[in-house]
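I've put the structures underneath this note.
One chain, chain A, links the two complexes that follow: it is found with chain B in the first and with chain C in the second.
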Partner chain A sequence: MSVVFVLVFAAIIMAGAFLVAFIWSVKNGQYEDTYTPSVRMLFDDPPVKIAEGGEQRAEGETSKEDIASEERNPKHETRNS
Partner chain B sequence: MELQKFSYDNRMTRNFAIATIVWGVVGLLAGLLIALQIFIPAMNFGLEFTTFGRTRPVHTNAVIFAFVGNAIFTAVYYSLQRLLKTRMYSETLGKIHFWGWQAIIVAAAVTLLSGFTVGKEYAELEWPIDIAITLIWVVFGWNMFGTILQRRTSHIYVSIWFYIATWVTVAVLHIFNSLAVPVSFMKSYTLYAGVQDALVQWWYGHNAVAFFLTTPFLGMMYYFVPKISGRPVYSYKLSIVHFWSLIFLYIWAGPHHLLYSSLPDWLQALGTTFSVMLIAPSWGGMINGLLTLRGAWDKVRRDPILKMFVVGITAYGMATFEGPMLSFKTVNAISHFTDWTIGHVHIGALGWNGMLTFGMIYWLVPRLYNTKLYSVKLANIHFWLATLAIVFYAVPLYIGGITQALMWKQFTPDGFLKYPNFLETVTQLIPMYTIRAFGGALYVAGFLILVFNMVKTIQAGSFVAEEEAQAPALYSESEMKTQSETWHRFLERKPIRFLIFATIAILIGGIVEVIPTYLIKSNIPTITSVKPYTPLELQGRDIYVKEGCYNCHSQMVRPFRSETERYGEYSKAGESVYDHPFQFGSKRTGPDLAREGVKTGKLYKPNAWHYNHFIDPQKMNQASIMPKYPWLAKKEIDIQSTPAKIRTMKILGVPYPDNYEQQAIVDLKAQADSIAKDLGANGIQTDSNREIIALIAYIQRLGVDISNKPVKK
Partner chain C sequence: MSEELKCIHCGNSCGKSPVIFEGNSFCCSGCSTVFQILHTNDLKQYYHIEPMQGIRIEDEEKPANETYAFLDLDKFKTKILTFSEGDFLKVSFFIPEIHCASCIWLLENLHSLNPGIIQSVVNFPKKEINITFRESEISLRKLVELLVSIHYIPEISQHSIDKPSTDKSDKKLFIKIGIAAFSFMNAMIYHFPQYLPGHEFLEADIRRMFGWLSVALAIPALTFSASDYFLTAYKSLKKGIISIDLPIALGLIMLFAQSLVEIISGKGIGYIDSLTGLVFFMLIGRWYQSKTYQALSFERDYKTYFPLAVTQITETGNQTIALEDLKAGDRILVRNQEIVPADSILISEMANIDYSFVTGESMPVAKTAGDFVFAGGRQIGNAIELTIEKEVQQSYLTQLWNQAENPFTADNKLKTIINRVSQYFTIVVVLIAITSGIFWHFNRPEIALFAFTSVLIIACPCALALTVPFTFGSTMRQFGRKGFYLKNTAVIEHLYKVDTVVFDKTGTITNAQLSDIRFIGKELSAEQLQMLKSLMFHSSHPLSKTIYNSIEAEELLEVSDFQEIHSLGISGKINGMKLNIGSKYFVSGGKQESENLKTEVWVYLNDSVAGYFQLENEYRSGLGELIQKLRKKHELHLLTGDNDAEKTNLVRFFGTEKNLHFNQTPTDKLNYIRNLQQRGKKVLMIGDGLNDAGALNESNVGIVVADNVFNFSPACDAILRSDKFASLDKYLRFTRRSIKIVYTGFLISFMYNLVGLSFAVQGNLTPIVAAILMPISSVSVVVFASFSVSLSAKGFKF
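== the complex of A and B ==
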């Protein structure tokens, strides 16, 4: 069953690549914030001019409206600074 | 930070989405065809190109690599840009990727129907196509990693991690499993033999399930479920934990496809162990997907798209619970080689892959065409048809699988097999097969509704090729300002790219050089009476592979009394050392053939019986569901290819005598003449150069060697 060594070799290469990727991702700080990425992905940022023309929005994407209203509203300006 | 304006390229997403729909029709119809062929032999149409042994690989390849493959690329080309706030790296690479992949699919369909096959399930494609797949996969990777490197968000969302894992693992699996030595253009012999080949094949096979049907779809789930429901993932932390545990655990689950085979026990135990452990990360994904919809169930009630995702994720949960259960030897002793496995696979395929793909298409296509879905009602009907279809498909196969396994194992009080005639256990399943085909037809009908709905949707809308977007640059302005720093940043990224491709190149080079010499040594037979195939048997074996006999017949007698009583001595690892490729099979639609040639065996049939049976199985057994193979008696053996085949086998370490290539044709003709003479003595007049003669020679050799006394030195 010497083919096992071939498979172990291949598996180690893959696992090694994944391990390097894992270490990189931890060191890079990918997982320091385990909440906001899940929220951030919900927003596709269209250019502001489109966002302001409210009637062009696709149905159900209320999220864009929130951004647009926040950007128009000076109260929330600190959010982006 | 500077706000940059750019646009997302929707063209490739659109192309892949349409390809998904087109190949979906083809793949599902092929599935329906083989579901009918399995209990109505006339559905094989008496043509070699439309017979089950060839249409079944077309179905599996079409649904896995064409339908699901294009769905994966659709999801990647759409979500990658938006998650990373950047455009795809290269339009040219995207085009090469798209058209290359479609060309591979067409080539696959044509060659498989023409009988060009390696004979390994889900890896049937011959070497030139395998090379093309590798190249196109590299193009895909190039485009994907290029996009990741030019991203505008520093965080890499979990979906992308799933896509990366898919790319890396599929590349390595495909290369290692497809290693073969070509005999000619479109014919090759696998590098590994027998049980070693079986291990590599199922190491590949199971990970193909893992990294082609699972990880990219988990990536899709993590993108589309939050997007569609408007809610963040239930636990982002859980998604990270289950991603890393999943990819580290999956690799060694493969041997569970070879339980009770001649694979060493410790490897079987390893397969079981890893399979059982897999339930944790798998269910982590399922729970995370379903709980994302907490508090949004009112949306699920109204929206057929979310319903599809819920059923899909639930099917994933069921399949990943069932998988570990089937990996226990006690369960596997019953389930293996039966339709239970087919039912299990289709819970995953129809439920998880199908439903998620449908949901994605319904959500995505209207967006790409800046319009609304033509009919939500039709999507709802599709949802119910597909859900019912899964039930009608899987339940009869579960019942049928268990029924058949118990019939195989049933003894009378006197200690004889209660159902010694294999055919009895098959005819029992006909009603189940009928219901299964009905389920399949429902599923196809649902998909055709999707096609109609999509055509109407596309007609109503206008395609948005470029979607405007804006995002802050990832690097600060000061970093971007001077030319030298931009150049520096470029260099910074380049080594990573370079490293990836250099590793792949080294890997391929190393494999090709090292493995053959290394493996040949270990192919030295451990059973001295086991000898290489004669030239005629070798040609016959190639016909066996070409006609896809392994799709219905196993060659692996497991060490159970019920099997040794029915078939003869159980299979040993040393018996298949010259089998390039192995032909253990994974399903017994017909009886096991591992001992078919043993003259004193229970299954032995004379040459004339085989001849008549190949021409018309129903003439020999009226209830038989085997297709007819009349062309075998008409087509001639490709005798001229024999020396090249023997030479290739010698390269692979099969111990034919020196210069045997020159002797091979003479030996082949002599053996063929003797079989033709025997057939003639039994009233069958045939030329000795027909394919059927070679196939009979091979069948009569199966399992024989071990009963011969070893030659004393």
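== the complex of A and C ==
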């Protein structure tokens, strides 16, 4: 029956990982707006004017997104200059 | 038919003279301008996602260029920006007009309009937009002006800056629920084997491990997730009050203590699954109750309404100055559509002040030089100069706010149903626990303590505590679906207790717009009407627009020599014939004063005065029946700032003139409510303007009637959509139903408690009984409450 010990701890670690993921998602603000993303995903790509169309950002307002958008800026600038 | 022509931008009827741009028709030049902006920027998709959803701005005259000049000042910039680092700035605006998928699409594609905008993200439920932009390419002021140019006007006020983020508590509750759920689910896994036949063969090691793991799980659930219950129980006990949280806290502690004893002694595994389950269910109830309308604000005061800055006139020229720095004696400039921020005296010759937000009166008031202008009026027409008489804080309206600190809400909180019930409940339960403990002490001393704790455990009023959140939460949602928005669930209980209803007149029981229009004088021919309509087409005065819309005529005639004389009227020539429309003084040269106190628009035609249009506020439809119905159970009062010209009409509605009060100042209204309350009345005040703000705040329940619930409304407990005004009695009646459902829910939970207690007093409460009984009682109460509310709502037809 000692296998039960292993299983129980494996289970609690997995569940714990999900709990951590949940807490992260809450702190990340994913529950602040549960409606807009559902509309946003149905929109077409941004107007064709944008050359690097493939780089359209995914929905969500995570902090990573902000970094990503800042990374995109140099290109943005070259396009406009 | 040409009459069916609808504006491509906003979907309104284009009327008889649409504005045409590139083969598309628009109702006004404002709509067409937005279309042009979007058209030239390849954003025409806006009109395809959801057609005709654009925003129309009633007054086509754009706000003056300088309106947002204050955004260039660092003082305001730092306050408004949520984040700034070097060139990168972030800002968040509340835009009440956000209403459809097209709005989201356009606002998230703002970068197409200006490359300086890096990212814009809309939060639809909150009607909020978060924008990241580069200052080197677009300044904050330009950004706001860009939003204004496409008719998405952000709300920028003192209030929106001061407002602390409310999300924090919400997030914490989510995390609490998550942890409670985690503990609950895992504890169930460990406990489940114990409930199956053959559990006695389980190895002692495994049982011990399960036991200690459950204890480990219970600790965060108890100390973090359930911490609020212990805190409030302690706080209210210190004040000598037994709140519902006390028996809950007691039950939780007993559950944990009993489990600990069993696990340490190796007798069993305890009740941790029930414990964590209880915490989880109660937190769900709390969350359900706290879900309110994110985009609606019930806390607005004058700060929301007043601008952040005004233009001060100094010897060195005009400068933008913060509202709080404004001193008595300062000279200020107020432009078209701007608000007079403090009580002041008019220097300019003429002003047209619109007090609709203050009094609910839709027609602007003409003022002449030297007149006193109260804070809160909106100037319509040319820019005016004023001298400040009193500082913002000392102005009449703001003072009204400051004195209206409501002492009543705080002490009423303690008298809620649930707390009344829980007082008796707690005492009875503790008595039963002690009695059974004493009984067993003399008969079988070994189970005396167990019986005592079992009673406290099983009586933990989880189901009782869930009844109110779920019944009231569902009721609030039902109301919200029908256009009646409550600030929180506590309002339902106050509504139930209301026995006196006080109405405001203008804008509340009458329509906000003047809509009862009659022409008094010589009868006008169709051709003459056509001429009048043609002339009024050129005027932007609200009265002209109202009359313009009421006249039916095929085509507009050409007008020459058009002149708009400020505060007086308009004139022009049609087919060589001179027309004057405006005040009596302007048209006939007679005295401005009129015996008749109704709004009049005089007409001069064919070299003679033809007569005048009389405009009256129309009473809201259904008012008569509403008053008939309300009268049966409530005492009705009417308070109005107007004179008693309408007295006979009102007496017809109210049946008596006893409780009708005219010429009431805002302070009178407030004191009147106070008086009623001192006589023991539970007062419902229903109003609309800032002048009702004091009374709304003072009353037990303050309801604001609004045409657009997202627009400005004074602080209140509930907002009622104006088309649902006639249903007010139904909402009141429904609260009675809700209270009945609450009591039935109490009854159900008492039954479960009775069953549980019968086990507990005998000392037979095993973990399995607790594990079955407690969740079932909670779930059945929740299901009962939600279902019976939505079923009753169907029968009510609001």
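The rule we apply is simple: the second predicted complex is superposed on the first by the 45 of 81 C-alpha atoms of A that agree within 3 Å, B and C clash if a C-alpha of one lies under 4 Å from a C-alpha of the other, contacts with A are read in each partner's own complex, and residues count from 1 in each chain.
What we mean here is this: a contact is a pair of C-beta atoms (placed from the backbone, for glycine too) under 8 Å apart; a residue touches a chain by one contact, two chains touch by 3 or more.
As the structure is a prediction and not an experimental result, all values here were calculated from the model.
Chemist: Scan A:Ala17 for contacts with chain B and chain C and give back first, second, both or neither.
Modeler: So A:Ala17 only meets chain B here.
Chemist: After superposition on the shared chain, which partner residues are touched by A:Met41: those of chain B (first), chain C (second), both, or neither?
Modeler: First partner only.
Chemist: For A:Val6, select first, second, both or neither according to whether it touches chain B, chain C, the two together, or no partner.
Modeler: In the superposition, A:Val6 contacts chain B only.
Chemist: After lining up the shared chain so the two structures overlap, which partner does A:Asp33 touch, if you call chain B first and chain C second: first, second, both or neither?
Modeler: both
Chemist: By the touch definition above, which chain A residues appear in both interfaces, chain B in one complex and chain C in the other?
Modeler: Common to the two interfaces on chain A: residues 1, 4, 11, 15, 18, 22, 29, 31, 33-35, 39-40, 42, 44, 46-48, 50, 61.
Chemist: Residue numbers of chain C touching chain A in their complex, please.
Modeler: Going through chain C, the ones touching chain A are 41-43, 45, 49, 88, 101, 104-105, 108-109, 112, 115, 118-119, 121-126, 130, 132, 134, 167, 170-171, 174-175, 178-179, 182, 185-186, 189-190, 203, 206, 209-210, 213.
Chemist: Residue numbers of chain B touching chain A in their complex, please.
Modeler: That would be residues 5, 82-83, 85, 153-158, 161, 164-165, 168-169, 172-173, 176, 192, 195-197, 199-200, 203, 223, 226-227, 230-233, 236-237, 239-240, 244, 247-248, 251-252, 264, 267, 367, 372, 467-471, 503, 507, 515, 518-519, 521-522 of chain B.
Chemist: In their complex, what parts of chain A are in touch with chain C?
Modeler: 1, 4-5, 8, 11-12, 15-16, 18-19, 22-23, 26-27, 29, 31-36, 39-40, 42-44, 46-50, 57, 61, 65-66, 69-70, 72-73, 76, 79-80
Chemist: Given the complex with chain B, which residues does chain A contribute to the contact?
Modeler: 1-4, 6-7, 10-11, 13-15, 17-18, 21-22, 25, 28-31, 33-35, 37-42, 44-48, 50, 58-63
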